[in-house]
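The structure appears below as structure tokens.
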Amino acid sequence: MDVIEYTPTRDQYAYTFGGVAPVMRVKPGTALRLWSDDAFGGVLRSVDDLSSAKVDLRFVNPQTGPFYVEGAEPGDTLVLHFVAIEPAREWGASAAIPFFGGMTSTDRIATLQEPLPDTTWIYDVDSARRTVGFVARHSDHRIELPIEPMLGTVGVAPTGGEARSSLVPERFGGNMDTPEMRAGSTVYVGVNVEGALFSIGDGHYRQGEGEACGTAVEGAMTSTIIVDLVKGHAPAWPRIEDDTHIMTVGSSRPMEDSWRIANAELVRWVSLLHGMHVMDAYQLCSQITQVPVANVVDANYSVVVKAAKALLPTGDVLGGLHADLRARARSLGTV
Amino acid sequence: MDVIEYTPTRDQYAYTFGGVAPVMRVKPGTALRLWSDDAFGGVLRSVDDLSSAKVDLRFVNPQTGPFYVEGAEPGDTLVLHFVAIEPAREWGASAAIPFFGGMTSTDRIATLQEPLPDTTWIYDVDSARRTVGFVARHSDHRIELPIEPMLGTVGVAPTGGEARSSLVPERFGGNMDTPEMRAGSTVYVGVNVEGALFSIGDGHYRQGEGEACGTAVEGAMTSTIIVDLVKGHAPAWPRIEDDTHIMTVGSSRPMEDSWRIANAELVRWVSLLHGMHVMDAYQLCSQITQVPVANVVDANYSVVVKAAKALLPTGDVLGGLHADLRARARSLGTV
Amino acid sequence: MDVIEYTPTRDQYAYTFGGVAPVMRVKPGTALRLWSDDAFGGVLRSVDDLSSAKVDLRFVNPQTGPFYVEGAEPGDTLVLHFVAIEPAREWGASAAIPFFGGMTSTDRIATLQEPLPDTTWIYDVDSARRTVGFVARHSDHRIELPIEPMLGTVGVAPTGGEARSSLVPERFGGNMDTPEMRAGSTVYVGVNVEGALFSIGDGHYRQGEGEACGTAVEGAMTSTIIVDLVKGHAPAWPRIEDDTHIMTVGSSRPMEDSWRIANAELVRWVSLLHGMHVMDAYQLCSQITQVPVANVVDANYSVVVKAAKALLPTGDVLGGLHADLRARARSLGTV
Amino acid sequence: MDVIEYTPTRDQYAYTFGGVAPVMRVKPGTALRLWSDDAFGGVLRSVDDLSSAKVDLRFVNPQTGPFYVEGAEPGDTLVLHFVAIEPAREWGASAAIPFFGGMTSTDRIATLQEPLPDTTWIYDVDSARRTVGFVARHSDHRIELPIEPMLGTVGVAPTGGEARSSLVPERFGGNMDTPEMRAGSTVYVGVNVEGALFSIGDGHYRQGEGEACGTAVEGAMTSTIIVDLVKGHAPAWPRIEDDTHIMTVGSSRPMEDSWRIANAELVRWVSLLHGMHVMDAYQLCSQITQVPVANVVDANYSVVVKAAKALLPTGDVLGGLHADLRARARSLGTV
């Protein structure tokens, strides 16, 4: 399998899902190696670069893409398998952006209070040790944290002619900001428009669940992805599979609705996959699910609900596609 | 002042705010008389027309427009004064759409329960008595309700290249579904793109606050609107003024956030308008505001916060523009 | 009808609904004239009295009561008719309490921001003009606002052995903070324990809907109340009736749940009262309700849903009890 | 160290936190071995025992206790170390209770829909294999699930004279329903009243995060607990420590507020514990926390935020008390 490399120029980035012409056509089965800039477009390079001066929140999370997947039609399932997601810079950046994040009032949770201090942190990448260095701004603390690369945004064009900011997670995927979007995972997203028009971006060298301050260790990334397509079977909301778990992602407000969406999706998925009555699937899932919060800071909050395959009846998703993609990934020279 | 009449053909409707080319250019100061179809595109004509069979929720609230306002630039304030909003059909329709509305689980408030029965109600318009007739579907009750016409959707193109469904209320206005959007009111909306690109639709012959079942007495409407423009002064969220009150509208989830947005907007508006410290404006507003809920059923919930001019210090909004528009409206032959 | 007067001493106040012994036994049909202190226990007497120094939020809203209503048993309906609610002091107080109220982070909406400045406002009562005077703290503004007296808290002992702070609105009533709790209104609350054990307090000389800053124009009050009892018929949540409207109150979080509770209660009430199918009652209520927010600042948020009797079929609540109470009120010498 | 055994009689259970006299006085340092009944009081013994017939939701989660801890005063920290939590019956029960749980409308998320079918599941305990058996009600599926015992409720008497149902999680602990409340964990709760008055119950043989259907594999339990007391240092919300993580628990509505509470608590804890500026602690926590949802079904939703000690600076909580308790636990003959 060949790998198509693609690095966008600055004016080739997209800032919405939908409403943007594709940068490339790809056939199902193709492997892509994509360069993506960080959420800030690379402008926070030192602790003196403040987000209030350098970042326009309408144009963050620059998207690499969109890609037109040949043959993809509304109702189909876009399949993206993450072969590798690797830091493409020697440093990552994080920031407490005024009135953005989880521990501050925002444009939605509107109060009359002053913002928290606009602060930037820079993390050095130690490639050998696979760590990034947290350096406190107000004391001498320095802590090496393991690199655990993931993509914050993976999405397709929405339905109904909408175009949504790359800050938004929704049915179409988007800015879900879950650490589960890592190498070794396969994501399934329903196709809404011809060609699917998927894009990726917002790489995180690591991120805590919830992404509390609103930003992770944001970093440019090189992502190797196998693109595939299943005709029909479009899930209503994004699904993720890895070697051990099946997962659903819900993104809405308030956060209990994100959970309800993801949990209802998982229950129905288990019910259908294993020929189990929906009440029995409800009961079983109630006793086995893990529920790691993804983000509580974006336009919608995202919650992941996951079930261990070991605690479910035997049965493959989409004919064992994930295992097949893992095999294909191994065949790539790059992994 | 001349009045430009415009009745769209079926293929001229828009179903998003943003992402659509304008149907007409208008100069500030122009009066428009616009025909708009009902939320369902006129397809629910008898109680046997069920929404599950006839309505695609991705394409409801057909918008008349968008209109390109000459000279409008980002940061300006679009001003729309509603001279008259009048029923344009002899009947209105309402429906309990499966998994849509306030007394049912939805795609967001996801549960495993069955939907409520898909039900349609048709209301006859009695033009002489200015009533619509509620006719119970399961008993002999019939009640005449006063016609109180309003527009559910009034909005401009969003910022950041977004295009949003005409089901959505947001910063750009949209599907706010407030009875305050009635004849005699002036609405102020911030301009995000050149020409503002405003549209209107979703006429309601009457609506309870909250729009509990998800639909009002939906009806085609003829709306006479004076379009004006104020350079600069763009409000962050829509504002409404009538002869007695100033109002702000917030639209988000959960509903307390909608209220927070609208209340913070009103406090800051009062502070700026009357030269009052923000803490004093906060205190004063706390004792005088009325807070009628607009909708609890759309993609975002909308809440109106209003203050009586009689309980505020003397002082005109935008130089008394609303009074001026009222005078201009009286000069139109149509009122 | 005689009127029993009762003014508590400082150590006779209750600070919870439930968990407190009654101060008096009353027979159904009794009229009470009750003195209640303000929410702060009268300690904020000048703008230099700061809430952070003088107020313990665990002991606010001192309750006059509880009263044991003879014959009241779980499942019965306690009926309180407000004959008169009149200011009992020459001044009222309001405050922006740190981390309390709607335009600030709180102990629930936890952020890392600094609080708003702790500020107190004192309002003079002008009995002749029936106004209270708002006096800005940071400018020369002074505005006379009409006195519109109401009780913030009216409640009974909860079920299940619970005792709840007088800051809490819930099924048992409590700190609903709705301006609808005014003279001329009748409130219906379900009885949970023998004797009902109702109490009142938290008088407001006036209050905006939402009670945005967390406190109204708080004032000591003299309330004349007729106490009555209907065997059975306990509503799940508090109901209010006045001459023109029937109303329900929901109190929960998030605010859409408060609305859902109140709206579902009203729909079921209309359905039962008028022999209308619940789907028809749902439709009718959707077109006629008004939804004034009560508070967005307490332990639970409260929302009122009201329907005009003029837009409902003919039919009396509980055999016309409200009209009867109005007549009884007129017979009292005090009105 | 001796171990005091206590098994309540049926009339010795408590159903509230607060408002109940203690069953026993214990000295700090005491080890208790407590028997607790299941959430249903043991009445669901076969799949034909339906919750609608047998369970009164006002009296579930029977509490073993409360225990009066000698010397405990408001502002102190109650410390409970779970030495062992072991199933005390051969079966557990779970149920989909009508209008209770996460995938249904409830008394709060009020809709007009029908409830899900009232259904009971019984799980056999296989002590040798340490599994419970899920048996589908509508198909032949049977799955052995690992026993992972935990306590749903651990709490003290609330402040301000409140008494709260044992269904409620709050500042005082209570029905948090987190799988982190397992053997090997130490919980810290602030003392509100003299003697603390703690109780435990609601054992779960296993539970998925979120407790989606509203009930876990509910089972009677034998819990061995070391009770300790730290003067002062009362945390505002419950904290948990195990060998690898420190954790905070927030319980409120909507769920983002539960998270905000827990996250703000963790940030401040890390800041204080490690002498780190709160903005730096905010940043560090943002990159390292795990956020497993505890429950989305109780009166308040509970969210856990946890940080790995390995990713924090070196530094012991309360002088290494947890490690000391682990050592004391090992010295008990029972482990």
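Note that the chains take the letters A, B, C and D in the order they are written out, and that residue 1 is the start of every chain.
Here is the rule we go by: a residue touches a chain if its C-beta (ideal position, glycine included) is under 8 Å from a C-beta of that chain, and two chains touch if they have at least 3 such contacts.
Remember, predicted model here, so these are calculated numbers, not experimental data.
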Go through B-C and B-D and name the pair with more C-beta contacts between its chains. B-C
Taking each chain's centre as the mean of its CA atoms, the one lying farthest from the centre of chain D is chain B
Whole-Å separation of chain centres (CA-atom averages), chain B against chain C: 32
With chain centres defined as C-alpha means, what is the inter-centre distance between chain B and chain D in Å? 47
Flagged in chain C as touching 2+ other chains are 103, 109-112, 116, 253-254, 260, 263-264, 267, 279, 282
Parts of chain A lying in touch with chain B, wherever the complex brings them together: 15-16, 18-20, 58-59, 107-112, 159-165, 236, 250, 252-254, 257, 260-261, 263-265, 267, 278-279, 282
Quick check: in the complex, which residue numbers of chain B touch chain D? 103-105, 109-116, 254
Touching residues of chain D toward chain A in the complex: what are they? 94, 96, 102-103, 116-117, 119, 121, 134, 136-139, 141, 143, 145, 206-217, 253-256, 259-260, 263-264, 267, 274-277, 279-280, 282-293, 296, 301, 303, 305, 311-313
